[in-house]
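What follows is a group of structures, each given as structure tokens.
Next come two complexes, and both contain subunit A; in the first it sits with subunit B, in the second with subunit C.
Up next, the complex of A and B:
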């Protein structure tokens, strides 16, 4: 355990806990777009920038991946932090001027027109989609490609990925809603990844409910009765209700 | 001491009070009149299914070896203690919907207006305060009861036995 100070609060924390977690426990909100507690911190969006004073020297660090150390003093709302954050928001806004989440941040921090133009990119390269696909789902269907200003997230060689199971975790986590997921006529389409995956049809109601590839993936990990994967959640609930009704109670 | 929501189908009128009580208990304001204006609106985690003229309220069964807990890749769904309810830590949910695919009872649902998944948490916060789950407390007919699992079996056994003694009493 180490002892540190965050915005005047002296706290005890496990050594190497990211500062953002400690701040969250104290109820101090630090803005972030690329941090998710289930994933390894990545430090790309830079929004969680805070000021850390260590041995009399102050510097700006990202709270999502800066580990708790003995005796450090952290300022999350100092003048220097706010100034740095404003610039970061301005840069993000000039890249993705139409992203709602960034517009809201700009409003909150009083950033008006970005000095660097108004781009219409939709991806901020936070890497949440890439990380969830590799760390959590384990499919590794997408990755960062190219470098510098050409850097983007894509499937290998920009062709439809065979590895994608169509779970849609990338789309759910995307802070700017850049990844669109559509279920049309028995196919799940993720246009950004140029990927389409067939959906499983419910054997009772005939509605499509989940990508076949995802169900196969789950089957391999968990030993469950086959009918669970044949029926949609609604029909599963209904057939359970029928069993309960026949029994009279549960 | 594992408690569970016991459903007596014979007493259920299908009034769906449990659904309203559940939605209110899981809303931000915990008040019906404020909850209806919340965005996104709070949603019930119990649903009443109609089966051949009968109404059956279904909520999470809080399985001992829950498939949703086993499949959740981030550990967002977990069991609160060995005999506790199965709950979701929304902060850890990545929206992969694996739990929707594996639940034998079709309980987890995608949250309204959000990207997360939600399900019955057995009102564990209310239980800690010594209150009954919201759906149970609100049920006007007693179709939903919060009971200790080990006692349910005993009570059914007693009831059946009492029927026998009654019959033997009248035949004499």
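Up next, the complex of A and C:
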């Protein structure tokens, strides 16, 4: 355990715990667009920038991946932090002027019109989609491509990827709603990745409930009862309830 | 060749190699660095081989293709030993004369000698050429003497003696102590003390340790690492093996750009030879120490020169940096303790072991020891690679070694440290070059690029050029670097196009500060340097562009105008012929006129006019 100070609060924490987690426990909110507790910190959006004073030297670091160290003093709202954060928001706004989440941040930090261009990109390149696909799902269907300002998230060679199982985890985590997921007439479509996957029909109610490819993917990895892959969650719940009721315990 | 299994074996090898070397024997060396290759050194070498064969001189004369001599401006370079006659810009047609005169009759071929432009005197020996006089070539010097594909050439000059000494006479901690005391600092840009880095890596927790040679040289105009790897690969290998022994590593990697085919080829041959001699892999020199080196070729992304991006690329992942809050000496390649040094740093190691740390630390300044190799390019008479002691002044580098600015033009600035370095003005020419002094100016040592600029250079345009390079080469991972550089470039472009506004300079400064402070890696952290230093030292040029809509150096097309001085124009029509836009018209022998609406400001008319009648404003 180490002892450190965050915004005047002296706290004990496991050594190397990311600062953002310690701040969260203290109820100190640090803005972020690329951090998710279930994923490895990536440090791209830089919004979680805080000031760390160590051995008398103050510098800006990112709270999502800066490890707790003995004796450090952390300021999450110093003038230097706010100034940096505001400019980062302005830069994000100049890239994605129409993204709601950015507009809200700009409002919160008092950032007006960006002084350098007004782009209408929808993706902020936070990488949540890439990381969830790789770290949690394990499909690795999407990745970053190109460099610098041309960087984007895409499937290999920008064509529909066989690896994409259509699970939609990417769409679920996207902070700017840049990834649209639609289930139309028995087919799941994720337009951004050119994904088109047939959906499985529930053997009980007949409703579509998950992409066949996703169910296959899970089946190959986990030893689960067959009905999980045949019946939708609603019907399964109903059938379990009926079974329990039949046992007479309720 | 049987493997060397003891120091006695090694000494025997040294003896047998030295026996074959007669210092009085005639030897023609032809520089075969990449620069000289571009000048056609291969054909020159072939011509020498044929000429020597035709005259039946094979038994009397050796021909050796060597690494880069550094004086690339004057290639192909040929030196005749033992007299050390220095011939420059040698062509195939000159070969017969060199052999018949210098080799056979000991006469000098005057036309191939270097002429000192200041004194008009011809110079016979390489060491007397002003370009070399103030240099101290302790790392780079052997390049000119050895054939990089011959391990015996390297051993004949004392090669691998340091390794033998280290493995048999020194404990790892003693080696680290020597490197620490020598004061050697990383030559890749950061300048971190090498001995301390080795110590951290040795002490870090982990079962496996890795050693990496960073040969992903990417700064525009910089090619010292390439020349070392191409010209003296064994010195780099020897440094790595010594480092690995000190750190306790058994696996090394050389990460080299695929755009450096000759370096890849020569280092591949060197590794093979070292293996055959028992200087690599298992039980090196019979000491029981194992170490192997693999070559990984990089795909040419500038950012992969950054240590964490390099390691990601080596692991087969996307070449982008990660945060270094936990250092790579603790968790580097595949999360194991990893020590990465640059090519030049590794090449310093055997020299320090051989000559001792006291000798080494006598060279240089208080905090920057030894020498540094710079690539001197741009508007300079003597383009090339130079090795100078730390603490030499910029003036000596540019005027004494570099021979000053071509065409009698005025010096304006020197950009040091690559694209993220800064531009240093004339007023600071007496600055003594070391890590601290360069950083104080707002620039940096970087890997040692030096781009000289003359009075015809627009400093706003220069800042724009470097930012454009960085925009292309930023990996794009973090917001401040990706979007910040883009925003700065937009502003700079606006200024050079005559659309600069009051407050733009302050906006650039504001962006610079945040980009430098919040970027994930050193690429973004230093990217604003070209902008900040040009604002600091050449603010008047920014003001002229913004307020007066004028480019003082006459570079930015949108801010210059060509016109014809009717007093001087003789109506010869030369400009009419070269103008691609048909913008110039007039009757023959009558003053012509230029239609501004059609002019694309290419400057062809100015170049062709013999009467100085075309005015650029």
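Operating definition for what follows: the second predicted complex is superposed on the first by the 239 of 250 C-alpha atoms of A that agree within 3 Å, B and C clash if a C-alpha of one lies under 4 Å from a C-alpha of the other, contacts with A are read in each partner's own complex, and residues count from 1 in each chain.
Basically, a residue touches a chain if its C-beta (ideal position, glycine included) is under 8 Å from a C-beta of that chain, and two chains touch if they have at least 3 such contacts.
All values reported here derive from a predicted model rather than from experimental measurement.
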| item | value |
| --- | --- |
| Touched partner set for A:176, first subunit B, second subunit C, both or neither | neither |
| Which of subunit B and subunit C A:155 touches, first, second, both or neither | neither |
| Partner chain in contact with A:168 - subunit B first, subunit C second, else both or neither | first |
| A:46 touches, of subunit B and subunit C: first, second, both or neither? | second |
| Touched partner set for A:76, first subunit B, second subunit C, both or neither | neither |
| Partner chain(s) touched by A:195 [first = subunit B, second = subunit C, both, neither] | neither |
| Subunit B versus subunit C as contact partner of A:84, first or second or both or neither | second |
| First (subunit B), second (subunit C), both or neither touched by A:147 | second |
| Touch list for subunit B against partner subunit A, complex | 6-10, 47, 49, 51-52, 54, 56, 58, 61, 67, 70-71, 73-76, 91-98, 100-109, 115 |
| Subunit A-facing residues of subunit C, complex | 301, 303, 318, 320, 322-323, 325-326, 471-480, 482-487, 490-491, 507, 510-511, 514, 517-520 |
| Subunit C-facing residues of subunit A, complex | 16, 41, 43-46, 49, 59-62, 65-67, 83-84, 87-88, 91-92, 94-95, 115-117, 124-125, 127, 143-144, 146-151 |
| Residues of subunit A defined as touching subunit B within the complex | 36-38, 132, 136-138, 167-169, 171-173, 210, 214-215, 218, 221-222, 224-225, 228-229, 232-238, 240-242, 244-245, 247-250 |
